[in-house]
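Order of writing sets the chain letters: A, B, C, D, E and F. Residues in each chain are counted from 1.
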Amino acid sequence: MSELTHFKDGAPHMVDVSEKTPTKREAVAEAFVKLPKEAMDALEHGGVGKGDPLTVAQLAGIMAAKKTSELIPLCHPIPLSSVDVKLERVPDGVRIVSSARTTDRTGVEMEALTAASVAALTVYDMLKAVSKGIEITRIRLLSKTGGKSGDWHADTEDVQ
Amino acid sequence: MSELTHFKDGAPHMVDVSEKTPTKREAVAEAFVKLPKEAMDALEHGGVGKGDPLTVAQLAGIMAAKKTSELIPLCHPIPLSSVDVKLERVPDGVRIVSSARTTDRTGVEMEALTAASVAALTVYDMLKAVSKGIEITRIRLLSKTGGKSGDWHADTEDVQ
Amino acid sequence: MSELTHFKDGAPHMVDVSEKTPTKREAVAEAFVKLPKEAMDALEHGGVGKGDPLTVAQLAGIMAAKKTSELIPLCHPIPLSSVDVKLERVPDGVRIVSSARTTDRTGVEMEALTAASVAALTVYDMLKAVSKGIEITRIRLLSKTGGKSGDWHADTEDVQ
Amino acid sequence: MSELTHFKDGAPHMVDVSEKTPTKREAVAEAFVKLPKEAMDALEHGGVGKGDPLTVAQLAGIMAAKKTSELIPLCHPIPLSSVDVKLERVPDGVRIVSSARTTDRTGVEMEALTAASVAALTVYDMLKAVSKGIEITRIRLLSKTGGKSGDWHADTEDVQ
Amino acid sequence: MSELTHFKDGAPHMVDVSEKTPTKREAVAEAFVKLPKEAMDALEHGGVGKGDPLTVAQLAGIMAAKKTSELIPLCHPIPLSSVDVKLERVPDGVRIVSSARTTDRTGVEMEALTAASVAALTVYDMLKAVSKGIEITRIRLLSKTGGKSGDWHADTEDVQ
Amino acid sequence: MSELTHFKDGAPHMVDVSEKTPTKREAVAEAFVKLPKEAMDALEHGGVGKGDPLTVAQLAGIMAAKKTSELIPLCHPIPLSSVDVKLERVPDGVRIVSSARTTDRTGVEMEALTAASVAALTVYDMLKAVSKGIEITRIRLLSKTGGKSGDWHADTEDVQ
């Protein structure tokens, strides 16, 4: 019978991880921002020089990973040991891959997913004046390693 | 020629809106969280009693709207006059519709999108122990009203 | 029939104030921290010189007022035009009176109450190594002026 | 002679805990919100359906525990391993009991007290449109375990 | 006789600006980061490609401006209408010029100064592995316009 | 060849410290605020009684140290074990010395520098109504101990 670990006696709580041993953990997530043609063009010709929209989005993603426990009500505050966010222009948009690592009592899936999501929202923000038809079409976990529940990888054929 | 308003001389900046007149503005956004069967079941039978996962996600979305300008680097801080986030179980997941309003010099699209995104991430967090195959499959703007650039609505046939 | 304005169709939301006109508003709140004798003594002889515990608590209260909408889920972000927090040693503890002002579409009761509460918690923190028997025995609104619902004052004979 | 540990040479500082060994620690706190009859009635008949005021307050308390070191100037940032907040309707109001745990060099009393206080303020916020006579009449520590200074429990006959 | 506006009856408070009329205001500030030769070289040859250290610092400055009232205890929260931060390599380091604008009851000097300071600290952070001899050698206001106290400009011959 | 550790393949990232062993680390930094005569006089005669401007600045510095990883984009969140900020009136201004300690995988230079910088900005804020000619003329690291890269001290003759 499946169980919601974030609920105890029918009420939400922050799961007690105090009996767990800190181990090295990593999570990798992705997000995809689908851009109409005019937004792709603007991205291509836009921010030249000292910075470009993808760098802004990358930093937003890194900084958001550090805010995960402020945003997701029942997440534990986690001392992240690294965060990486990569953005890549693909034929019809921008693909984002983020990773987070820690040595702690709980995993960092939400940190990786939050980084990818906020990077995607920032791409949206940079380009929304050009096109209102932008969509974030996929946010998901790609892999998770470390921790008692074992490693997990998304179906590889499924990875874009 | 399309133009990135968040870039000036090739460098990112926060657009100057000081010459604009405050007007009433609203934006509506949606997000969709696709749940594998075991996650749907857990959601159905899970948090009974004082709260349920969708209420946690709803509050997370409302609170995240207020953090938009902290998350999206070039967003203006905006005094929101209302935020609404609704979550609804649909056949294969959860649909989220969020709206934000203000009377200000700039729009609230990012506030509505951030609310929907963080609500979706919170649904993910509540159910991730049950299934790792959860995906957020769509985040987009549904409508935008007020402001100089005029009203905009997503194609209605396109709305789920 | 009484009504919870923060709930609509059974779900929490941030009340829409966009139709209201901004007016000048003020709220005054108080908190009382009851101190056992050893804590009173420590407060008396403690932080001499450049600062004392009450100044730390006062600043904590002022800064907390600015965080009210981050702490109270359905509060609107409000551009405060002033915050005042006063702490006074009374025979068996510390009395805190806080006030907040704004010119906005909604009131600042929660800002004044949050300032008083966090100032009280800070007094607790400064003195908890000396005594564990400290209690915050009263937090309440003293007055509220401005806004459509009219002025309100706590019963005066009731004010300490 | 009692001593204010947060003060050194007459000036406030964040106590140096670097020589301490991390140990498992827990603190339990309570808060009581006294509700006039009309507020009790509204609470009873109010938020039916997807959420109720006590769930909103519960989440606010959990999230506030994570913000303790931002609110209380001299508190250490602490990686919480769990937070629990329970709210219960009692004859003349709402009783809140919160607990916080960590494995760290310093205790979590302020985290438990902050969770209880912000949950109480949120109950206030949800019901303040119904009655201005609401008061938070008691916030205190119930117990503290772990750490060099030993365990401590409030007088049991004193616990409501 | 000079007077500390942030103090009233000997205690700090947030100045009451509720009687003031909102007017358009701007402040411009600068910071200078002095770099030893090895740090200058690293900056020259370092972050090529998608981003460079100065873009990271620029975004940090813009985002910090929005956090000014969280950092400076007695600052009012201000709805900024624009923030600009420019970084320029000069012979022996990096010069930062920041500007902030609002239409509000109080000025934005602290917002401009905070943006410049945090951009400077970020340059430091990016280059500190290369050289420990980096110094921030000047942070100051360049100009201030709008508001009752009138316009002000730093001595021009004094501007680097 | 010098290398920017915060950049990988030309893009900024948060350095992976997961392979490092936690060790005790300390950093000491200083800042100097140069005050024109009228500001020195105001500081001398200003905040008498319950608090003075230097106490406000001291607390602002301590609290800012805890926000370092929110402000500096690529800094790791660090569980600080102590923060100390001292402010001293010297002939032509205020000298600030800050120190930060942790037992972690990475150093606390940025925490000490951020504390000193925000304390300096707060001194500026308290006195800016008295004089616009205030400047922060030096922010730098004084020493750094612990960690693999070894101890480091600024040239002593160079210390004011």
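Observations, loosely collected:
The definition used in the following text is that contacts are C-beta pairs under 8 Å (C-beta built on N, C-alpha and C of every residue); 3 or more make two chains touch, one makes a residue touch a chain.
The model shown is predicted, which means the values in this text are computed figures rather than measured ones.
Fewest steps needed to get from chain C to chain F, stepping only to touching chains, is 1. Of all residue numbers seen at the chain B-chain E contact, under half occur in both copies; the interface is built from largely non-matching residues. Put simply, the C-alpha centre of chain B and that of chain F have 37 angstrom between them. Averaged C-alpha coordinates give centres for chain A and chain D that are 31 Å from one another. Chain centres here are Cα averages; for chain C and chain D they lie 16 Å apart. Those residues of chain D in touch with two or more other chains are numbered 11-12, 50-51, 55-56, 58-59, 63, 67, 70, 73-74, 77, 79.
Here, these are the chain pairs in contact: A-B, A-D, A-E, A-F, B-C, B-D, B-E, C-D, C-E, C-F, D-F, E-F. Those residues of chain F whose C-beta lies close enough to touch chain E in the complex are 1-7, 9-12, 38-39, 41-42, 45-51, 53, 56, 59-60, 63-64, 67, 70-75, 109-110, 113-114, 117-118, 120-122, 124-130, 132, 134-141, 144, 152, 154.
In the complex of the two chains, the chain B residues touching chain C come out as 24, 55, 58-59, 62-63, 66-67, 77, 79-86, 101-103. Against chain A, the residues of chain E that register as touching in their complex are 50-52, 54-56, 58-59, 63. On chain F, the positions that touch chain A within their shared complex are 8, 11-18, 69-70, 73-74, 76-79, 104-105.
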